[in-house]
Amino acid sequence: MLIVMHHHATSEQIDAVVAAVKTMGLIAEPIPGSIRTAIGVLGNQGYVDDSTIRNLPGVRETIHVSKPYKLASRDFHPQATIVDVAGVRFGNGLPPVMIAGPCSIESEEQMQAGAAAVKAGGGQMLRGGAFKPRTGPHSFQGLGVDGLALLQRAGQAHGLPVVTEVMRIEQLDAVMRHADMIQIGARNMQNFDLLKEVGKCGHPVLLKRGMSATLEEFLAAAEYILAEGNPKVVLCERGIRTFERATRNTLDLSVVPMIKELSHLPIVVDPSHATGKRSLVPVMTRAALVAGADGIMVEVHPDPARALCDGAQSLSGPEFSELMDSVRKLLGFLGFANN
Amino acid sequence: MLIVMHHHATSEQIDAVVAAVKTMGLIAEPIPGSIRTAIGVLGNQGYVDDSTIRNLPGVRETIHVSKPYKLASRDFHPQATIVDVAGVRFGNGLPPVMIAGPCSIESEEQMQAGAAAVKAGGGQMLRGGAFKPRTGPHSFQGLGVDGLALLQRAGQAHGLPVVTEVMRIEQLDAVMRHADMIQIGARNMQNFDLLKEVGKCGHPVLLKRGMSATLEEFLAAAEYILAEGNPKVVLCERGIRTFERATRNTLDLSVVPMIKELSHLPIVVDPSHATGKRSLVPVMTRAALVAGADGIMVEVHPDPARALCDGAQSLSGPEFSELMDSVRKLLGFLGFANN
Amino acid sequence: MLIVMHHHATSEQIDAVVAAVKTMGLIAEPIPGSIRTAIGVLGNQGYVDDSTIRNLPGVRETIHVSKPYKLASRDFHPQATIVDVAGVRFGNGLPPVMIAGPCSIESEEQMQAGAAAVKAGGGQMLRGGAFKPRTGPHSFQGLGVDGLALLQRAGQAHGLPVVTEVMRIEQLDAVMRHADMIQIGARNMQNFDLLKEVGKCGHPVLLKRGMSATLEEFLAAAEYILAEGNPKVVLCERGIRTFERATRNTLDLSVVPMIKELSHLPIVVDPSHATGKRSLVPVMTRAALVAGADGIMVEVHPDPARALCDGAQSLSGPEFSELMDSVRKLLGFLGFANN
Amino acid sequence: MLIVMHHHATSEQIDAVVAAVKTMGLIAEPIPGSIRTAIGVLGNQGYVDDSTIRNLPGVRETIHVSKPYKLASRDFHPQATIVDVAGVRFGNGLPPVMIAGPCSIESEEQMQAGAAAVKAGGGQMLRGGAFKPRTGPHSFQGLGVDGLALLQRAGQAHGLPVVTEVMRIEQLDAVMRHADMIQIGARNMQNFDLLKEVGKCGHPVLLKRGMSATLEEFLAAAEYILAEGNPKVVLCERGIRTFERATRNTLDLSVVPMIKELSHLPIVVDPSHATGKRSLVPVMTRAALVAGADGIMVEVHPDPARALCDGAQSLSGPEFSELMDSVRKLLGFLGFANN
């Protein structure tokens, strides 16, 4: 950490800051400049809590050098992580994984048809939501635990590992019994209790970026899971909230190569939620793959016009197959053999 | 809802949209214009889920007229709501309520000293966090359930009702036993399961705005609680996330009069989290009161330099007393007798 | 336009709104719903100025159906536009154009070396700034008019048409004499006087999106140029300002396919300014091409470490050549022959 | 500036960075920490251009300690600046100045009636726009130079100094002849050529914050004017663009006390453009005054329902008088005698 003093800070004020740093068990090294003095803080093993320093007299600001994550950092863990979900593997330059399925689990028929469409198109994993976060209380809220079994049966029938969102700690046991991978939704990215429990459970996790989370906060959220001993974290970019409303969210694709510089964790992209618009999903899927995504998650519904949730951004089975044809060609071009 | 067709939409496409609206049990009224046709959707009692309509051929966009909240709307509930928390009352032009206390509960001594400072300054409610959401896993995480008893004892010793955050449904019973008001934090504003449980419990609720929540989403979150039969909701503006980082968040004070136009619920302002800077708290407290806030929540710590959380934005006891002197004068000027 | 009345609006208020619409020469069609009345406004040929309506008693809100652009709209101009810049052509599925060159024109040697690097790599147009907008007044401000001649000579020597930014109307004549295409920078996207003059001049224009401009405002800015009779407009996405600061701006790639749905104008992408980070430029270039960009503009400097401006995001000559090798392969894969 | 090296940076890389700093004429002081090395850069008199450093091998990031403004900084200029506009004075704790008038100058009658309303209400300055920046080309664009004389005559007839926006350098002479204060609009806050010319002209300037400008960029824009020798700069907060659209912009009131900490320049607030909603203007005016604004600028129109621009946010004459009654009482409470 660097502590920047005011231009007119007195030497007594500088001494007081140095003393305060020492009481924190750290080393303070004053760096007198031509205009002002800065004080380097050394000896910390990670992020320093600066709240006791920031308001000392004469302090203009504190500047963090350490990041609020370390286990998630490539700096300390140069080797890329591979996450294995029931045999489907993400990361480290492996062929990108295509996850697809309905937004919400609606019925046995719908899930079986959805899984069949995913399998027919060449998808490798099945998604589907049993617990649905909806902006207003008067929308369809999901089938709950009953839906989990439908998801699992559909996955097993078609040889597809399944991923589904957990919204509360109490749902975790049921989700683990039925699903191969646990999704933490964007609204729960900073539900730290949930992150810790998921960290303890050891199951593979798909962690979605919060809609107003910085990249630093995104990796700090992953750190919560890693810190509990669970290294099986796959990140997911799904669009951020900006002033632009022509698309549902703003897909931040630069985050894919940026994450690869800063972290060793795999990252997938969800163009369905990011754009909210079916017509944009195929093109942004391909752009995400070229950007280096380790996987894609798209919404596929056997009958989008009758979907109970997010029909406007869901692909039909034939649309998914058409997308997958283009994906296979692109992956071939990108040098992924035999995907 | 209004469905806007493309300029070049065919009459077959228009007919198909009209038919789709009818299958939803609603009335479709085409409005042919000079350039394009729009289709009014009538007969709905609330927000219409448009996902099956938006992608029909020839549809350019759908425009919502109904809001995703109704119980929270002043349109349907013109009379302002008063929320009573153990005798302290919020809303409808009553004198604004001053809530103060430490960010986190640290010890018996700290809470008793904090409560004494709040009481001495003239605060009417005590705040303190037992469960702390922290961006990184390596920061102080709060005392948990043990802290709740400390909070309650401090409140009782000084005659101050207490408010504290609940982060998980399982904590709800304990929080209800120890606290007079339940806080839903910004990160949980769209934790819909939690909102529903809080709606069922009947306890007064302080609902903080999510850091990237629109006003419409904020009121829709309140709707979740109201829809379960709990009318005791106090809203809390605590700053939103924008591109500006000179302050911790951007305090959106216009939301106070805007909420009063749109809703009947009381709204308080938290200038501590909004600005993140002790020196700005007093002035923004007064600005919020002039903007019409029904209350203020500020962080007060007996020894901010040693606070385990958010010391940089906490007032000391004497600073709080000084703020309250100015608040009393301002409230007198604003016509609140004998606050 | 749709005018939404309050739930409790009286029939007198509705009549008054209808009368006000008629005085605007438009048709008002009331649509009584089960909860409230809406009033459709018909007969307008474009965007309706609603400021006299919005505050009439009983009006809750007005909703625009028409967009603030029409000439730029694909709805009214289905055929994609091709913009020809001294033989280099943008749009309508033609092979994407690679524009490259230094951020700022520094010297004869630098420009000749820069142009040689662009040509050697296979770029088709040369860029370079003579007038530089810089955040602070103490940074290098550009060579001004003198720089224009250096740019032109470098372009001619290597057979590359040139594009350069105009910042003021008085610079327009000089820029037109020396450059084949005029760039309007992000900060001037809503400098409407400048847009109109550029519209009158008839020269090809590269219009960059403002850093907080919505897609609708972006197209409305293009409309200013088109409305003056100049159809040669190429749009340029260069990143928007969001809360995220890990990259300089947030590259909004979804805007590329979205623009193609809404408009007939070509759109290019500038990954250098969008990311601000050299290491991200190649990958985001390729992602933009896959997203459907009609061209790319990247910063290339013969010696980035000594660049007077934006060295951190500039590619060296060899880095550009390496990028172009991958671009050629990608364009081949995408079906662009012989680019 | 602080240069942060990667954890694994070699000593050769560190030496190369030190050498690069020295070639810039600055001092490099390595600070070896327990995890990584940082390099302090000393000897600079202001903001350091880091673009040649940021991409050297082994560099993780550079952190600026100096700000891109110095003349505007309170650190270097502790005494608050007073700006005198034809006898009306802003800043340093003087009574806040009320500026009011129509959005755009429409006619002799309208301006005379507008000025009479401003004077009758107790306003001290008159505003009115002759050159109007409008989002679309099909809206009213202002009377241009002809309007300036109408503004001046209306001001003189009622003893009110006038302020009006200049949009291009060529308009500057005319504006200076007719107006007492020159406004730089939000869209031109980074029109650096215009800032420099306004800096040279010596006339008082009202500089509006750009809609996506950080506070640091805002002060850096003021620096452009100050650096040319013109100290008469009054800043103006007018709302920023965020994801929230319930109000036209988001009024960032915390910026008022924050600017007072960081700068010596006066700051006024424009609640009309910030909120875009007439009903919010009075309450946000009062909140801004309590936040410490040195003045307020509001839109007043003799007949808002017939205003050619921004009628929805304009007050009528009686509404302005009513606002001013409440403002006078508030200023009396705040200790401003005899305003």
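Order of writing sets the labels: A, B, C and D. Residues in every chain begin at 1.
One rule holds in what follows: a contact is a pair of C-beta atoms (placed from the backbone, for glycine too) under 8 Å apart; a residue touches a chain by one contact, two chains touch by 3 or more.
Chain-to-protein mapping (UniProt): A, B, C, D = 3-deoxy-7-phosphoheptulonate synthase.
This structure is a prediction, so every number in the text was calculated from the model and none was measured.
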Query raised in the report: Tell me which of A-C, A-D or C-D has the interface of B-D again, with more than half the contact pairs shared?
Result: A-C
Query raised in the report: When the C-alpha atoms of chain A and chain B are each averaged to a single point, how far apart are the two points in Å?
Result: 26
**Report entry** For chain B paired with chain C, centre-to-centre distance based on mean C-alpha positions, whole Å
**Finding:** 38
Report summary line: chain C residues touching 2+ other chains are 212, 241-243, 245
Report task. Name the shape of the chain contact graph, picking from line, ring, star, complete and other. Result -> complete
Query - Touching residues on chain C, where the partner in the complex is chain B - result: 2, 4, 6-8, 29, 31-36, 38, 40, 42-45, 60, 63, 65-66, 75-76, 78, 241-243, 245
Report task. Show which residues of chain C lie in contact with chain A when the two form their complex. Result -> 212, 214-216, 240, 242-247, 250-258, 261, 274-275, 277, 279-280, 283-284, 286-292, 329-330, 333
Query raised in the report: Which residues of chain D touch chain C in the complex?
Result: 20, 46-47, 49-52, 54-56, 68-69, 131, 133-141, 167-170, 187-188, 190-196, 211-212, 217, 220, 223-224, 227, 241, 278, 304-307, 309-313
